[in-house]
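Think of it as A, B and C in the order they're written, each chain with its own count starting at 1.
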Amino acid sequence: MWSYFARRLLIGVPTLFAVVLFCFFLMRLAPGGPFDGEAPVPPEVLANLRARYHLDDPLWQQFFSYLGNLLRGDFGPSFKYKDFTVTELIAQGLPVSIENGLSALFIAILIGLPLGITAALSQNTARDYAVSGLSMIGIVIPTFVTGQILILAFGVWLRCTPFQLPAGGWNDGAFANRILPVTVLALPFIAYIARISRASMIEALRANFVRTARAKGLPYRTVILRHALKTALMPVVTFLGPATAFILTGSMVVETIFQIPGIGRYFVQGALNRDYTLVMGVTIVGAAFVIIANIIVDMIYGVLDPKVRYE
Amino acid sequence: MSSLNLTSTHAGALEAAAEVEGRSLWQDAWRRLRSNRAAYVSMIILAIVALACVALPYALPWAYDAIDWDHVEAMPPNFELGHYLGTDSVGRDLLARTLVGGRISLMVGVLATLVALLIGVTVGAVAGYLGGRVDQLLMRFVDLLYSVPLTFFVIILMVMFGRNFILMFLAIGAVEWLTMARIVRGQTLSLKNKEFIEAARASGGSTFSIIARHIVPNVLGVVIVYVTLTIPQVILLESFLSFLGLGVQEPLTSWGVLLNEGAAELEANPRTLIVPAVFMTVTLFCFNFIGDGLRDALDPKDR
Amino acid sequence: MALLDIQNLTVKFATQDGEVSAVSDVSLHVNKGECLGIVGESGSGKSQTFMAAMGLLAGNGKASGSVRFGDTELLTANERTLNTIRGNKLAMVFQDPMTSLTPHMRVGRQLTEVLQRHRGLDNAAARAAAIAMLARVQVPEPERRFQMYPHELSGGLRQRVVLAMGLLCGPELVIADEPTTALDVTVQALVLELIRELKDTQGTSFVLITHDLGVVAGLADRVAVMYAGRIVESGTVDEIFAAPKHPYTKGLLACTPRLDDPPTVLLETIPGQPPNLQNLPTGCSFHPRCVSAFEPCPVKRPLLVPAGNTLNACFLNHMQAAS
């Protein structure tokens, strides 16, 4: 198991290298640079800027110096946030995004899983239809719409009631400031997890081994919890890999709407400002996270399914 | 020469046989799909929405980009002026904008999915059919892309090369093909050793023609199910890009753009959010119901 | 006194393509210490008859009629009552050993939980009893297999584990669905010997669902032949095998290779395909494939009536009995 873990990590390294390489050349090939602002910059100033950021060096030289810096944890200076290095911005934004993302995933599992499984156990009843319908709504309505609706509801309509919540800002991660963003982030995942676990539980209930368990005279509860549940969990676990990537996308929206200083917001800002180094930094960190999440998911899968043996 | 004739006759007979089988399979599926009320109603609604998006704007009194200069503010529905669902905050007809926006969103959805389909089916069928090292290589590549947050790259591409409609569906299609490739590969692996493929191979069909004429038609069922489930995902991704300001540009519009505009002035004019939101939600619901219905109809497990 | 008494059992499934009768009006019984063989092609309803009896029909299935086990009516019994009987006094051994065991649980645990549930044994006692039963069903190295996951066992071993699971609580009746199909011949003989021993020494009753007529001939006391959801002929093994009356039974017997056949004899087959339950032929379901079909066969369905010492459903025999 541990050797498998080590090997997966080792495969992760070239993947990450490919991301860095691809990102780097994509950025450098881009038409228009970070200094093409609305106001034309005088040529001398532009030349200075280009020299300062080594934009005139040969491309491969720029790449290797970037790679070398990267290995030392230096993502370079931000083009737009002149007073900060990208490393500082990421160090500041990453914990915020991780906390929110993990809280959202945790809540999504906590709510989505029981919803999906109880729906499967009462298939074709009102409860089942309600869960299926609600989860489809959760999937279909974009995050920025639910976000704005919740801001309106809790920030405006419920103003001056005990239910009022801060509709934006981070306030150094005060609990009240987290409630809305985490909820908005979690909603589609509650829906996805409910949908996936419902489908997989229905499938598990049809399996021959569940029939065997029932033929043994085991109580229904034991049949479900001991025999069916683990199999039904597999697809949910598999989903958690891509879910990490979705959460990253979701944080871009949520952090922008709620003005939260996380890496999602930095990425959006960076992309719109053509802040090459910042965008690359966030992309690399994000990719690293998704790669690690996938490895963790594979490990959990291995624990759940004895058939997956890591030789 | 005679052996050549023999080959073509065989292939012809084989195809005829496959066709007979295929047709009855599709007829069966169609019958089951129609008996699935949710899927059937969804198909009708979707057809109406699509038709309205394509044709109705020409019949409306106001064009989607025309400003009603007498009423340059959000106005509730007014039948006398021909604003059946009112106007947006700058006095443009909301119904016309929603329909034209739907046209763009559906177009992006369908075109991007077609791109994904083309790449996914090709890669999946080739990997599955050839197997061995080619399969290993292609699937490792798919695995690699799976572990990368691809939306980041779509955004980077959109930023770099401008808010270009063609680029948008190419970029989205280029990230949505992975699952398709995996599904098609799995199907191809199970088809590969079926008798009719062996027969086609024995009668001297080239690899390309076997993939194109025997493998691809037989994975079509699964692919169609996946297509109906991918289109709504693409429409959602488009709305996400619009939220970032990377979608289609003014005065052209899409459901994503409209939702974003509507969400911003939700408090003052909830109607500008509700109208496009209802259209989009209903459409995406329909796609999901049709996809589920198709899966049940084509899945022999449930019979 | 019949241990299991099935009267007019009908099983219907609601499918996307309409309602399908898998079992129609089946009546049969099993006496204490007796072995009843059920013979038929796949899709003849032989498995579903007993799934219904066990209360294990799929969600879209519905059973009507009556199934009595001892003093209990099984069809109307609630889940709690069923669970005191199933796996305890009434056990079912499933075919398809590849999928009948829970993949993520060790074999041992899947065995001991039956004993803990019905006998209230502690872990050590349950383990000892389970290992002893594995040894009895000819599992080599039972202690080692006890620790394994199903996917680590061969198909034949899994089949024996499933059999052991059914026998653990010393049931009064074991319904065995193709219990020997996945086994090679020597193991098959040992398992059949075990069944015979249980029958003779402990008075355990068996229902053997199979298409292997050799197994039925060697082990069963009585046999019922099913076709398209109905019993077409039933009687004692000696009578049915010596003088089959229904053309379908005759066909089945003719399909079976016999040791005393000269090697040059060609095996016969029954022409045609098993019928589509959604679209059964009119009259006698077997008539399109029947070599002796005549005028009434496509028109009217023959009832299962006594003919000599056996029951059978064929106009040919009804006429002979009448004349």
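Simple rule for what comes next: a residue touches a chain if its C-beta (ideal position, glycine included) is under 8 Å from a C-beta of that chain, and two chains touch if they have at least 3 such contacts.
What you see is a predicted model; the values in this text were computed from it and never measured.
When the interfaces A-C and A-B are ranked by C-beta pairs in contact, the top one is A-B.
Geometrically, the chain at the heart of the complex, using CA-atom means, is B. Chain centres here are Cα averages; for chain B and chain C they lie 49 Å apart.
Centre to centre, using the average C-alpha position, chain A and chain C are separated by 53 Å. With centres set at the average Cα position, the gap from chain A to chain B is 24 Å. Of all residues in chain C, none touches 2 or more other chains.
On the side of chain C, the complex with chain B involves touching residues 15-17. Interface residues of chain B, counted against chain C in their complex, comprise 31-32, 35-36, 296-297, 302-303.
Residues of chain B that touch chain A in their complex: 144, 146-153, 155-157, 159-161, 232, 236, 239-240, 243-245, 256, 259-260, 263-264, 266-267, 273, 277, 280-281, 284-285, 288. The part of chain A that touches chain B in the complex is made up of residues 12, 15, 18-19, 22-23, 26-27, 29-32, 136-137, 139-145, 147-149, 152, 156, 241-242, 245, 248-249, 252-253, 256, 267-268, 271-272, 274, 279, 282-283, 286-287, 290-291, 294.
Put simply, chain A touches chain C in their complex at residues 123, 206-220, 222, 226-227, 230-231, 304-307.
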